[in-house]
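Below, subunit A partners subunit B and then partners subunit C, in two separate complexes.
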Partner chain A sequence: MIRAIALKEFRQYWRDGRFVTVFGIVVALGLAATLAGWSAVSAMERERAAAVATDREIWDNQGLKNPHSAAHFSRYAFQPTFNLAVFDPGLTDYVGNAIWLEAHYRDPAALRPIEDAVEIQRIAQLNPAWVIQVFGPLLIFVLLYGAVAGERESGTLRQLLAAGVRPVSLLLGKAVSAFSLTGLLVFGVLLGSAFLMSADGIERLPDTGLRTVGLIALYLVYLAIFVFVALGVSSLSARSRTALAALVGIWIVATILGPRIGPDVAGALAPAPPAHEFAARLQQESSDPFWGSSEEAVERRQAVMDDVLDAYGVETIEELPINYDGHLLQESEEFANDVFDALYDELWGSYERQRAVARAFALLSPTIAVQHVSMALAGTDIHAYRHFADEAEGFRREFVLLLNQEMIDHGGADGYAYVSGNDFWRQNPDFAYTAPGIGDAIRGVRGDVLILLLWLAAAVALAAAGARRGFLAEVAA
Partner chain B sequence: MTVRAIRKHERRALVHDRVQVILLGLFTLVCLLASVRGAQYRGALDAAATSFEAENREQDAAWRERVVAVESGSVAREDDVFAGLAMDVARPAVAAPGPLADFSRGVTDVHPFLSRVALWRSVDRLFGNYQFQSPNEIRAGKVDLAFAVLFLMPLLMIALTFGALSRDRDSGRLGLLLSHPISVRAVVRSKLFVRLGAVFVILVASLLAGLFLGAGGVPDGERLGRFGFWFLAASGYFAFWAGALYWFISLNRKSETTALMMVGFWVLNSLVGPAVLAAAAQLIYPAPSQLAFLSTAREVSNEAYRSRADVMQGMLLDHPELTVQNYTIPEYIRVYYLVNETVDRAVEPVLEEFEAVQSRRQSLLSRVQYVAPAALAMRSLNEISGTDLARQVRFEGEVRAYKRAIARHVEANVLSGEPLTLAEVDAVPTYAFRESGLGAIGRNVLFPVGYLFGLGLLAAARARRNLARLQTRFREA
Partner chain C sequence: MLEARKLTKSFGDVRALQSLNVRIGAGEGLCLLGANGAGKTTTINLFLAFLEPTSGSALVNGQDVQRDPIGSKRHLAYIPEQVALYPSLTGLENLEFLAELSGHRDYGADDLFRFLERAGLDSVAAFRRVAEYSKGMRQKVAIAAALARRASAFLLDEPLSGLDPKAANEFTEVLGGLRSEGAAVLLATHDIFRARELGTTIGIMRSGELVDQLDPASVTAAELEKIYLAHMRGVSGAGGST
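Let's turn to the complex of A and B:
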């Protein structure tokens, strides 16, 4: 019976020009978005590969230079844009592509693509995930708003029930038809993305297969939520136009209002430190207490000197077997690193609190939860960015230590006059980045997954309540 | 039954219809939230700009005091050899928030608006580290009055009007109404007048609230003038939607078909249109690679550093009068200046190319924006608010030019090692960002806004014709 009802629905969709048109537009958008995503990711990866090679070449051939001067010039960590960003670019355009690994300072990632974008891109950015998140539910609502209310209006619902069709079968038949069509959209877009993601030159995210399965499951759950919501609302509505009005209202709140208002309110309730102020604090708190002229800074430098003289059992700097300037520079790095850790913890913490507040809004809008999980699976969320930034910072510290150590060990009494050459630069390592696996990626979105499952349960309950009340009322009438 | 009676009935129905009251209430709340958040946002920008300028004034005053002390003889030159060091000249360049940045935040949340212009920084680093804004917040976009006008207002207008004709027709009330000496056109117009009038009243009240909240009191003339344009543009968008909805209603379809057409039009105009236009503009005029730009700057910087002796020699051959006078100033300062100057010259063409691409994109969008009125309205609202991309590009270009002006002023002193005199310090150029005048804004936005009104009127004229035909059909029936 379910199959028969589903087939009848398919035929009806096919005959109804409105559905075919809407479906065609959404599929075309999905395809265009996939191609646009692939083109953007390919270009970013090509540019990154070229930049990595140039960075190495410049480093290797910088000639005679003091190692600490080289640490100021330093190198860059370039963030890879992984294959799944074709499907869901997430924060890719909003975080920078490159982190300068200079001495004395922990830089933010610079060169954010959004800074080069035209302003109307802020209204909407065409990408496959966005097409499914926004248009998938709309398509479902267009397909299902009259699923029960329409049958009731035309009088066919009573006939169906009188003919012995079970309400559950009727609902499931309609659910299967709408779900299959929109599910096709998800599979189509993801398969298209997967095909393009495997193109040469695009770096593969660890566990890509598992992540893709996760994305398919995620979006099927997402669409299922809206299928059951649509069936519930349609069952409970006396007229199809009432059902449509209610469903469009739900769509607006879920996909347009919620994802905008949630993060905005989160920004108000858990504000991130103002950018200019934060940059100034990073500079001042990491430098002034060590290099400044305050009593505290003078004492700190004195303590460094006393400690090193004690350690080597000598009286004066000149007697030290090491380059003291290099040692002092490294000590300042160690001091600054603690400050960077504390300040960046504050920064990441504020982002995390914002996500938590936004997550609460997912109780009103499942789209928010889906966005969080989708970005996590695609490796384009704030955790992925933080992972990269932390790895880059770890490398910066080791790299600056390597350069300072060169000065400490071989600079002797030359101080800042000591120089190294290309032979040394060419031995220095590259920053190699490995993204975290799926386990690490989804650790931060377990709450969102739970909320989605709650939504699914609530939607099923709504559909069941609709079936009970709506169909009973029909029988009673 | 008269038009007056219909309007009276509509007003009563509007007040007693719970769904409509809730929708109007929600819109009012979101508008209020937008006004409050806008005022907070503008306040934060103002505070950052004010504190930045205060810090800079303090630093510059302290620096000037050292020059005064040496010139007055209270401090011996040999006790402060760096007093008046030309290379240390630095001045603030600030683009204060646009006059209506609280109404429409535009691109202000991702671009820098403060710079301490210093010769120690090459032009690619003039804005320091400002990329600390929360990526989640930037991605989601802001809830401001522009969002309320561009996205929510049309949706509310749809929700209130989609059944304006069809409900009365389906319920048989229309026939009853037309038995009185009144036309279908008058009936529909009366309903729209009341329902859309309610939306317009809320819009006006919200804009006025935003005007005073954002100003923190009585707005100044500049703000009032901009507000006049903003109000005109918002009214134009309202008129466009009112005309479009009038036309959809005049097609006399089923309620749900009318609603679907209206929502579909909203999706095309507000989401798909801007997304496709943005993607097309960026595809046709791709921005130069940011990573390639970075590599160029580093290559040039490294090369200039490596061949610093040649660079210095070249400079002295061109300017023999600048032979070093003051040997107490370390050599590296001159070298740094020349290296930065070389980098500035090398990257300037690339930066100009970035500007040229943005200009070409803006020019393209200015022509094609008419196919997506939401994009057109957004660009107009941003321009009136002083938060548009063109303003930002102008600011960044002016800051680079300002650095060149400072460099010209002090170059001879930097290269010869001569400190600046007090008169020279006081003659260092200052920077003031100038907002576009109201006349220029008027010239840029009046045609697009007029186009919105024109579209609305055209749609309304078509609707009148459709309803006249409908009237004839009713009479014949």
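Let's turn to the complex of A and C:
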């Protein structure tokens, strides 16, 4: 019976030019977004490869230089734009994809593609995930607004019930037809993305297969929510026009307003420090207490000197078998690193609080929750960025230590006059980044997954209520 | 077989149907005549299990419709005044869908055409979209659907209303044929002349009560009209129960 109803629905969709037109537009948008995503990721990866090579070449050929001066000159950590960013670029364009690894300072990421975007791109970024998130529900609502209300208006509902069709069979038949069509959109877009993602020159994210399966499951759950919402609203509406008006309202709130307002409110309720203030604090709290002229800074430097003299059992710096300036610089690094850890923990904490507020808005808009999970699976969310930034910071510390150690070990009494050459630079390692696996990626979005499942349960309950109340009203008419 | 046993339905203080006792066996037809609100449609809704009786029971082929509302409809055909079909589908596609709903996925195109032909719809019309159909043509599809589901009991709610004389005559002939082949028919109508042609019994309803039952063979159309009008005026002993 469900099969018969679903096939009948397919036939009607096909005969109705409106459905064919809307479906065609959404599929075309999805494919265009997929191509645009592939093009953007390919371009970013080409640029990254060129930048990595240039960075290495400049480093290798900087000539004679004091290692600590080289640490100031330093290098960049470039974040790869992984394959799944073709499907969901998430925060890729906003967080920056290169971090300068200089001594004494933990820099935020630079080179944000959004800074180069034209105005319209800042308003709406066309990508496959966004097309499904926004147009998938719209397509479902267009397909289903008259699912029950239309049958009621035309009189066919009464006849179907008289023919012994169970309300639940009717709803499931309608659900299967709309779900299959919109599911095709998900599969089409994801398969198109997968094909393009496998192109040469695009780095593969760990667990890409599992992540892709996760994305398919995620978006099928997401679309199922809207299928059941549409069926519930259509069942409870006396007329299909009323159902359409209600569903358009739900669509606007869920997919347009919610994802816009949620992050704005989150930013207001849990503000992150402004970039310039944060940078100033980093500079001030990591540098002045060590290098400044305050009593505290002088004592700190004196303690470093006393400790090293004790350690080597000598009376003066000149007697030390190591380069004391290099040692002092490394000590200042260790001091600053603790400050960076504390301040960046605060910063990440503010982002987490913002995310928690935004997650509360997901109770009004499942699109917010699906965005969080989708970005996590695609490796383009704030956690993925933090993982990269932390890894880059770890490398920076090791790299600066390597350079300072060169000065400490080989600088002797030359102080800042000690220089290394290209032979040394060419031995220095590159930053190699490995993104986390799927387990780490989704750890931060378990709450969002739970909210989506709650939405699904609520939507099914709404459809069930529609089947009871809406159909009872029909037969009693 | 359709049977009502002391079937009663009240809406609050309003008694829509009062202790209806009828039995329509195979090959029999009961035509219910009555004004609007007399209880004809309520009777049909009770047989369809769309309404729960206040007391009594409605049975289709011996099954209580309240106990098994889905199973009791398996061999039941319902044809309302306005047959609603899917306008973007052809008559053939509508029939195919309705046949599948009744569990008959095994019908081929020949079978479906045969049902349509028997219902009086030609094969050219079967390929046209229902949006272009007249009311009579839609009713033919509904009858074909009843044939496809091998219905043994028919509930018809004012099916002749609004049909042109030719279409009404064709409908009457087809339905008469079905009845003579063993179908039990319950027809609610205002048309006392067609009621005589279609029924083996004519029931007159007033204010939820079956106030008279007549053998159509024993009365002329003019006499039936006179009896009916007398009942509508509330004259007691107007009829001649048979």
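Please note the rule applied: the second predicted complex is superposed on the first by the 477 of 477 C-alpha atoms of A that agree within 3 Å, B and C clash if a C-alpha of one lies under 4 Å from a C-alpha of the other, contacts with A are read in each partner's own complex, and residues count from 1 in each chain.
In this text, a residue touches a chain if its C-beta (ideal position, glycine included) is under 8 Å from a C-beta of that chain, and two chains touch if they have at least 3 such contacts.
For clarity, every value in this text was computed on a predicted model and none was experimentally measured.
Engineer: Does subunit C touch more residues of subunit A than subunit B does, or is it the other way round?
Structural biologist: The partner making contact with more of subunit A's residues is B.
Engineer: Between subunit B (first) and subunit C (second), which does A:1 come into contact with in this model arrangement: first, second, both, or neither?
Structural biologist: second
Engineer: Indicate the residue numbers of subunit A shared between its subunit B interface and its subunit C interface, in ascending order.
Structural biologist: In subunit A, nothing is touched by subunit B and also by subunit C.
Engineer: Taking the touch rule as given, give the residues of subunit A at its contact with subunit C in the complex, in rising order.
Structural biologist: The contact residues of subunit A facing subunit C are 1, 3-5, 7-8, 11-12, 15-16, 154-156, 158-166, 475-476.
Engineer: Could you list, by residue number, the parts of subunit C that touch subunit A in their complex?
Structural biologist: Per the stated touch rule, the residues are 45, 48, 50-51, 69-71, 73-74, 76, 78, 80, 82-89, 93, 97-98, 100-103, 105, 129, 145, 149, 155.
Engineer: Applying the document's contact rule, which stretches of subunit B touch subunit A when the two form their complex?
Structural biologist: Its residues touching subunit A are 19, 23, 30, 33, 37, 40, 44, 48, 51-52, 55, 106-107, 110-111, 114, 128-143, 147, 150-152, 155, 159, 162-163, 166-167, 254-257, 259-260, 263-264, 267, 270-272, 274-279, 281-283, 286-287, 289-292, 294-295, 298-299, 301-302, 305-306, 354, 358, 361-362, 365, 369, 374-375, 378-379, 382, 388-389.
Engineer: Under the definition above, what is the set of subunit A residues touching subunit B in their complex?
Structural biologist: 18, 22, 25, 29, 32, 36, 39, 43, 47-48, 50-51, 54-55, 58, 61-63, 65, 73, 76, 78, 90-91, 93-98, 107-126, 134-135, 138, 142, 145-146, 240-241, 244-245, 248-249, 252, 256-257, 259-264, 266-268, 272-280, 282, 347, 350-351, 354-355, 358, 382, 385
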